[in-house]
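What follows is subunit A paired twice: with subunit B in the first complex and subunit C in the second.
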Partner chain A sequence: MAAALAPISFPHPGRRALRRRLADFLGWGLCGLAFLLLGSATVWILVVIFLRGMSALHLNLLTQVTQGTAGGLLNAIEGTLVLALGGILLALPPGLATGIYLAEYDRGRLASIIRFLADVLVGVPSIVVGYFVYVAMVIAFGWGFSMAAGSVALAIIGLPYICRTSEMAIRQVPRSLRDAAFALGASDARVTFTISLPIALPGITTGILLALAIGVGETAPLIYTADWSNYLWTGHLTKEPIGYLTYVIYAFITQPFESAHALAYAAALLVTLFVLIIGVISRMLLVRSSRAL
Partner chain B sequence: MLFRKLMAALASIVAIVLLILVGFLAIYAWPAIRFNGLHFLVKNNWSLGFLYSDPILRHGQQVMPGAHYGILFLIAGTLLSTAIAVLLAVPIGVGAALFLAEGVPALLRPWLSFFIELLAAIPSVVYGLWGLVVVIPFLGHHVFPAMQKWLGFIPFFRGPAGSGYGLLTSGLVLTLMIVPLITATLRDALVSQQSHLRDAALALGASRYEALWTVQLPGVRRVLIGSSILATGRALGETMAVLMVSGNALNVMPNNIYTTISTMASFIVSQLDSALTDPTGMAVKSLAEVALVLCLISIVVNSLARVLLLYQDRMTFGVI
Partner chain C sequence: MPNATRNPPETGGGIDFGAALPGASGNETAAGRERIAVRNLNFYYGSHQVLFEVQETVHEHEILALIGPSGCGKSTFLRCLNRMNDTIPGSRLEGEVALDGRNIYGPGVDVIALRRRVGMIFQRSNPFPFTIAANVAYGLKVNGLARRRSEFEAVIERSLRAAGLWDEVKDRLDKPALSLSGGQQQRLCIARALAVEPEILLMDEPASALDPITTTRIEELAIELKARYSIVIVTHNLQQAARISDRTSFFLMGRVVETDATRKLFTNPSRQETEDYITGRFG
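Then we have the complex of A and B:
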């Protein structure tokens, strides 16, 4: 017992405390520096895109179609929206059903396999999806460069996001509400459509917005599926190429014309603005839905 | 029960899409796999051959005379640019996550985090545009010459410093693209971690930073490894930004950190037009083989990451 009561000795207490404070200071400093580095990169990118984009913005962009490397962006804006919405339309039914299945009937092996594969599908590079759609739909099915091929590519890319966000949203619906509905004799479908989905709607919308933002910002999977067109979309699903904004950014910035650069900057500003606005909206939805529950 | 079966059937679409994707690419690329053999992965000679002569029969396949498809330089470019990105992104991402989780008031945290996560929302092609018009002139004129001068004694940093397009530029742009993935996942894990271990460390006299570094960070080790692997997968498959800043080298192995490169993903975009001029179709099929290799690599990498993250909170998925 006596040994335990022996006084604890601190070798050089002053120096040790100093060293610890120095380590603390350095540690926090480096962490802050990392944050600052990322923050300034964000500002740098946004400032470049906004400044150059604003000086290229023009009302003609919204009223004219592209002529060669000049003119407006009306065809590209329309094409981007058509392709992205087409992708959502294709991805929503299976995506939502997967979310419902994983959240409500998560028992057997199938659910865990599907969840795992959805996660793996997120990681498949978008260019691989694009090349698959190119060899399958554009060549083998004979669709040609078209709105349908582009939308299928975007749907495959957006599908896992819709799956997982709707699963999470439906999972947060209180069990007691659903049990009460079941106790009243409601069927599976009725519980899903009248209880789970309405409550989970903000979360599901977040997933759709996320997929929309990804679709609007994608380039690689569209280059060899949608190709590019100077004209407005005529409503044909196949055999007709369609333009989109990100193509303008990629292809026009390397052209040696001032007008082409202006179009690329304007397109970059429009795409970035769209993605940021969707990001803010979905974050607000997320906050509101977590408050509601 | 009918409803459940219907949902199960629709849910299987996700699995079926992935299987069809891999299966279709494999079947389409099969003649190229037979023709290229192991040569594909170990040689540096992507060449469509003499396109103006008649196709000949080699290894049982119709090809143009002199056609070779070796993509070692693509594998090197992909792995090296990803390695640079991950080596930079992990320490920066961890630092920013620690700062956001413990270094700022809880009231400010969502806003500052959102600010960093904007980096994940910016489309790849916008990174490419920024890299092309701003970063490349800056690096090529100021930073790389200085690096060559001051760091030239390190073998891989020796000149010539090049024009700004290349391996290091690609790595730096990729760093910014993957770092929010690590930061956001790790910050969520740190914030949702139970506080009793930290409290115990603080009670023992550890400072806030010591508790963070020695107790809290080791507690989320698995999340850090998982999200880093996930970020690796993202960097491996990144296309547009790399396409615009890498210089799109053909058949050259990088010999210093400034050399122009190509990655597998960017090569598919940059080469499809010329591959279509091959009347035998072997070039397009070989590109499909590139896509297949890239797809399989990303499936392996992502499976690994998911297995590691599976034991952790499933809700950390919500990063773009």
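Then we have the complex of A and C:
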């Protein structure tokens, strides 16, 4: 091999070879630089959040509610969980149903329209979704700032992710398994529920977790719909503002108080941990499911 | 079955009837009454016609082998017999496939019930990624054929025995089916198909991905099963067709060139194309 290539570029490195080496060097250099920038930015963000968050973190945060710009984060932690889970609960039935429909029941026009809409929905800025829910639910329906309005906003944002990941996961179920079930006399619905869904479950779960992570990290749509509350949620679906962690980050970091900054960094650490843990779980699920098939 | 190696399949050479498995009649008379009658069957994938005016019959207690070069429509024909092609968008069928005198493509036919009566074994074994027991039980559940645990257990044992797999798996029914060997997986698929007590078994090259010993086992199994079922088997292995089938049908470019008693078709075919194919002049 080497002998065959030799006459082309070696042993006399001409202008061409030099240029190639230069391009090579530049290419790798730029790649390395980009990696360094990206890597260092990520590491820097994580380090700052962890250092400042850890020093602000203590047990009171988890047991007390916020008082003005001091106190704890219990109300915000609870609110974030309630809103994110509420959003998932609302988005899951239509998202999964649409994913099943796209994967197994429609190969025509309607499917491509739905796919296009889902892609558009992914691209809509979340603050626009928040504003829409504000106009429609908070004002027109008279729900006020509330858990319901916030959950609807998060559901709309999570919907396309759940829908598309479910579709992908179901599509990856081998055709031969579906054929085997059909040949045994299973109906379409039967095959969906006893073959496709169980086998696609890890992939579907990944989509749900992704939507959950996005919900936990959202701020803008919640400002328009959930507002903020210093108190624990009393369980009213409407007309009761509810707190959440990202609000603390957004609103408290600009306050001129040390206690406010500490709360903001603690909230940032909690949100980051949430998202990291969800990410790790979904990674593990994906690895397990690809091994199973 | 301790004597699985008794008749290793031939490799190459002519068609040797000396190697016919015990129980394979390979004889001229069709075994029983007519179960399936196919008349003037045309089949299209979109605008591409794959089957032309196919006529065929399948009798009770017989093995009908389908042979022919790759792409001539054997699998497509087989899938017409249990309406598996229904699941392929854009496909279209003309003509009639009658099961016990009733057109299965006629109005008001219950496709689900049809597929229970006409079972199918695929070329590549395709066990569900569930346990061994759950694989065999699947058809029972889907068709509501068993209710109590003891009923399930009885059918699972009976089916696995019939597929010659019971002794190998009886202690690990709750283990994943994918932990079985390739040959065991294919026999599991056979057990899964037998569990719903079909009347006719369609086998699409069931042994093409398997080693010679397992192939012999599946052939022996087919001959055993013939006592209770009718079997239509697609095979690329002419020796296999000669060993196990009662009648053989030669497909060429979507047409049935001839169907005859296996011994006759392999020793004294009436058509030149058949002779060319079985003597290896093409295909």
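Definition applied: the second predicted complex is superposed on the first by the 277 of 293 C-alpha atoms of A that agree within 3 Å, B and C clash if a C-alpha of one lies under 4 Å from a C-alpha of the other, contacts with A are read in each partner's own complex, and residues count from 1 in each chain.
Following the convention adopted for this analysis, contacts are C-beta pairs under 8 Å (C-beta built on N, C-alpha and C of every residue); 3 or more make two chains touch, one makes a residue touch a chain.
Keep in mind it's a predicted model, so treat the numbers as computed, not measured.
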Put the two structures on top of each other at subunit A: do subunit B and subunit C fit, or clash?
fit
Mind working out whether A:Ser187 is in touch with subunit B, subunit C, both or neither, as first, second, both or neither?
both
Does subunit B (first) or subunit C (second) touch A:Arg107, or do both, or does neither?
second
Just subunit B (first), just subunit C (second), both, or neither: which does A:Ile277 touch?
neither
After superposition on the shared chain, which partner residues are touched by A:Ser176: those of subunit B (first), subunit C (second), both, or neither?
second
Once the shared chain is lined up, is A:Ala17 touching subunit B (first), subunit C (second), both, or neither of them?
neither
What is the contact status of A:Leu51 with respect to subunit B (first) and subunit C (second): first, second, both, or neither?
neither
A:Leu210 in the overlay: touching subunit B, subunit C, both, or neither? Say first, second, both or neither.
first
How many degrees, to the nearest 10, separate the directions from subunit A's C-alpha centre towards those of subunit B and subunit C?
120
Subunit C versus subunit B, contacts on subunit A by residue
B
Taking the superposition on A as described, I'd like to know which of subunit B and subunit C A:Leu237 touches: first, second, both or neither.
neither
Taking the superposed arrangement, what is the smallest distance in Å from a C-alpha atom of subunit B to one of subunit C?
13
Where subunit A meets both subunit C and subunit B, residue numbers
187
Residues of subunit C touching subunit A in their complex?
82, 84, 87, 89, 112-113, 115-116, 119-120, 122, 124, 126-129, 138-139, 141-143, 189, 192-193, 196
Using the touch rule from the top, collect the residues of subunit B that touch subunit A in their complex.
1, 3-4, 6-8, 10-15, 17-18, 20-21, 24-25, 28, 91-96, 98-100, 103, 112, 114-116, 118-119, 121-130, 132-134, 176, 179-180, 183, 207-210, 212-213, 230, 233-234, 236-240, 243-244, 265, 268-269, 272, 284, 287-288, 291, 294-295, 298-299, 301-303, 305-306, 314-315, 317-318, 320
Quick one: in the complex, what on subunit A touches subunit B?
20-21, 23-24, 27-28, 30-35, 37-39, 41-42, 44-46, 48-49, 52, 93-94, 97-98, 100-102, 104-105, 110-111, 113-114, 116-129, 131-132, 134-136, 156, 159-160, 163-165, 168, 187-189, 192, 210, 213-214, 216-220, 223-224, 246, 249-250, 253-254, 264-265, 268, 271-272, 275-276, 279, 283
Touching residues (chain side subunit A, partner subunit C) in the complex:
107, 174, 176-187, 190, 194-195, 199, 292-293
